[in-house]
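Chain nomenclature is as follows: A, B, C and D, assigned in order of appearance, with residue numbering initiated at 1 for each chain independently.
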Amino acid sequence: MNKDQLVIGGKALTSRFFLGTGRYPNPLVQNQAIEASGAEVLTFAIRRVNLDDPEDDSILQHLQDRPFTFLPNTSGASTAEEAVRIARMARASGLSDWVKVEISANAMTLLPDPIETLKATEQLVKEGFTVLPYTSDDPILCKRLEEAGAAAVMPGGAPIGTGLGILNPYNIGLIVESAHVPIIVDAGLGSAQDVVQAMELGVDGILMNTPVARAKDPVRMARAMSLAIEAGREAFLAGRIAKRRYASASSEFEHLAVK
Amino acid sequence: MNKDQLVIGGKALTSRFFLGTGRYPNPLVQNQAIEASGAEVLTFAIRRVNLDDPEDDSILQHLQDRPFTFLPNTSGASTAEEAVRIARMARASGLSDWVKVEISANAMTLLPDPIETLKATEQLVKEGFTVLPYTSDDPILCKRLEEAGAAAVMPGGAPIGTGLGILNPYNIGLIVESAHVPIIVDAGLGSAQDVVQAMELGVDGILMNTPVARAKDPVRMARAMSLAIEAGREAFLAGRIAKRRYASASSEFEHLAVK
Amino acid sequence: MNKDQLVIGGKALTSRFFLGTGRYPNPLVQNQAIEASGAEVLTFAIRRVNLDDPEDDSILQHLQDRPFTFLPNTSGASTAEEAVRIARMARASGLSDWVKVEISANAMTLLPDPIETLKATEQLVKEGFTVLPYTSDDPILCKRLEEAGAAAVMPGGAPIGTGLGILNPYNIGLIVESAHVPIIVDAGLGSAQDVVQAMELGVDGILMNTPVARAKDPVRMARAMSLAIEAGREAFLAGRIAKRRYASASSEFEHLAVK
Amino acid sequence: MNKDQLVIGGKALTSRFFLGTGRYPNPLVQNQAIEASGAEVLTFAIRRVNLDDPEDDSILQHLQDRPFTFLPNTSGASTAEEAVRIARMARASGLSDWVKVEISANAMTLLPDPIETLKATEQLVKEGFTVLPYTSDDPILCKRLEEAGAAAVMPGGAPIGTGLGILNPYNIGLIVESAHVPIIVDAGLGSAQDVVQAMELGVDGILMNTPVARAKDPVRMARAMSLAIEAGREAFLAGRIAKRRYASASSEFEHLAVK
């Protein structure tokens, strides 16, 4: 079971939990939640101001000597061009050469633009980034992103921050089925049930922020979600029973042999 | 968090997993799965032959000196009268004064008979048993069983062994909402997702057999289900975010302050 | 197709729509909605005052010379005894010897009490009523009601007036599968989709009130629901395609031969 | 109510049913099903051979003098270039200047390629076609197709021919909500319920083939689906009740006033 590693961009991860760092009630809770989650990869938005004025920026102050992998995202970008520019800035600042491509022009849904997302992914792969695009759950688009060189593909379960869960488990299943890179469900989950559902569909990891940060007890929820990821992964590997229309007695032929 | 105990019939339990002992591929796997599950309560069918001929019976041979709570069930009974007779035999044999009332006259669905289940529960409570009836998810019937003195009420998610999950989460929610005794979801679950869903609906525990015993890897599944119960319980206590129709950015106002 | 009749208590019906008469914005709309629905069976609550003071009662004034079948219900009753008393009063007044048994002691859910419902059904059948009990979707209880002599069995989709739809389509399917009397889904539906779902599960009719009476345009909704019942019935009889995991081209081997 | 027309590409339609012409058991049934459906728009695949050898082709033989609108589709195309070529051939043959863009490179799912679909739509709009692209249910892509000049946008409910229904009703709702052109659900539906669900989500029409052509009784199913479209449309316009968690009595304050 210690072979059940997730490898992305050449990096072996033991945790399948990718945690967002926004929206916590305060830095103490943020820290404790990160701790409780066991996450090895943290994601956050890169804004010009952070990089221009490092003295005033909690990210640059605190991240340097920690064992996390940083996954800056391009949220706020509405075109491929903007996303590419943000990614370059992040790398230039020395933070990371990983990037989560996140491009949306729709303020109400924040849903990713498929055309621009593919374009940015193609460009950033060419420039040597380890690219993890946030995308819709369109199986054809996910395949296209893989072909473009994405290190992992990250379909959303539902729009960011909605907590609606996995709106189309069938699509997630199709995506997993034909993928040759890791699939991470990113965005829209709300509950531990959603997390386990994703993992039992065979996805390789979960990226989550709001459901932890905005829970009544974020630290406890970070732990719950971490357990859920592990439960779902183990259940997936253990191989569930088939569904049947009619009953089958569990007690009929039993022999209890507790030693 | 060490206060999060489940108390049934005066007995404090730390595990919320109630495991059935039937249908495992062999006794070794059965043993390992019980171990991996962390379950403190085990359930099994009582048949006359077991109690008449203890020498030949694995249950009576092996259970006596173990720290488990035994929950004999009356499966096979199709009337209250039969169930009561089985329960008396189980108690007379010294195994346990707990009993899971399970009464069905329908071989295809094995669904519990509401009328006979209530009747048997009333009778067995009068006789001093700790009674945990397996019932349909009818909220009115569950309340009636509570009023009749059931120590816990155990609505099914779906027919036994089907793996269909929680067919009516709304009803389970109603039952939890008005219950003054523990609610255990019993029967019909198939996946870790189902387990977490039940726990996040606020149920107090899970009784499961086939999904573990018939998994490709029963021991791994026992562990997965145990983790799922814990994940679901923790998530329930942590308080999930509300669902929203539209997006809400997770990255907008973040301040990362990893110490 | 003119053979597709529904027979209940010896009466052949061409409409499968059973309409409740409560909660309309005004009597004119009520009348027009009844007209638009094509319903032949109308249901309403019987209260002592109606029958004691007929001069002052719109029901007794207007119903006598209409071709409807009246299905008085016992709503308000919380025990079998009360329901039986109400049914007797309704029959004594000359309105109808049909009765919808509706017994609930829970004001929040108005869910039917399984024990009292069975008891009242047994009693009223003995007294020669045509009994249509409103019940939970418990397949065993529905079978018990059939065995007690119910002319039709009426499981709820969800609690009355909630509009939640069919919470447990699996149970409705089981009920239909083993029934030897008509199955009418009664209560909880909200949309035309819910109606069609029920009909495609094979139920014989729909009883509905709030979704029509409280729609923005009740008359139009009455017509919509009537069409939905017909659509669902026809689709059920036409035999749907099986579900498949993967695609199958519809255009591949076509030969268009419009004459 | 006679104002409830659907206008596409300047053409007013009274039926909201778009019927595919493939996969019927024989031409007689095909004809009768088309008749029973009331469809005014028929879709079929254009293949070179049809147009090169009109003498031998049932389409060109029989369609000319009928009052249908023909919607040739580009199924079989796996790139924008191929789709554009097929559309040009169809128009050149005099059949129609409407075209359903359908581009897939994935034989297992036949899911539309978002990038190529957008490209072909842009090109064909420029060339003066009335373009109805079949697309995934990605709301951003649907908006892009509208902006590119599509006369209607046709998101799939599920992969073609699967009968899985509307896998993501939330997305269809978002698409409808922000659309300024008609939205037609195309592909994947299986039952009358699916059809009504789509219509109650507010879509403007349904394109369907396999669920009719492969039903046990295709003619009866054509009629059922036609009724379902009408039922769903009427219900949508009539304005459904809100969903509530708890019951609300329908019989409490009623006054029956059948005139």
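Just so it is clear, a contact is a pair of C-beta atoms (placed from the backbone, for glycine too) under 8 Å apart; a residue touches a chain by one contact, two chains touch by 3 or more.
Not measured: the values here are computed from a predicted model.
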{"item": "Chain C reached from chain A - shortest hop count over touching chains", "value": "2"}
{"item": "Recurring contact interface, reference C-D, options B-C, A-B or A-D [over half identical by residue number]", "value": "A-B"}
{"item": "Chain whose Cα centroid lies at the greatest distance from that of chain D", "value": "B"}
{"item": "Rounded Å distance between chain B and chain C, as computed from the means of their C-alpha atoms", "value": "35"}
{"item": "Separation of chain A from chain B, taking each centre as the mean of its C-alpha atoms, in whole Å", "value": "33"}
{"item": "Intercentroid distance (Cα basis), chain D paired with chain B, Å", "value": "47"}
{"item": "Multi-chain contact residues (two or more partners), chain D", "value": "109, 111, 164"}
{"item": "Residue ranges of chain C in contact with chain B within the complex", "value": "104-106, 109, 111-115, 118, 136-141, 143-144, 158, 164, 167-168, 170-171, 174"}
{"item": "Residues of chain C touching chain D in the complex", "value": "20-23, 27, 30-31, 34, 42, 44-45, 58-59, 62-63, 66, 68, 73, 75-76, 108-111, 159-164, 190-193, 195-197, 199-200, 209-211, 213-218, 220-221, 223-225, 227-228, 230-232, 234-235, 237-259"}
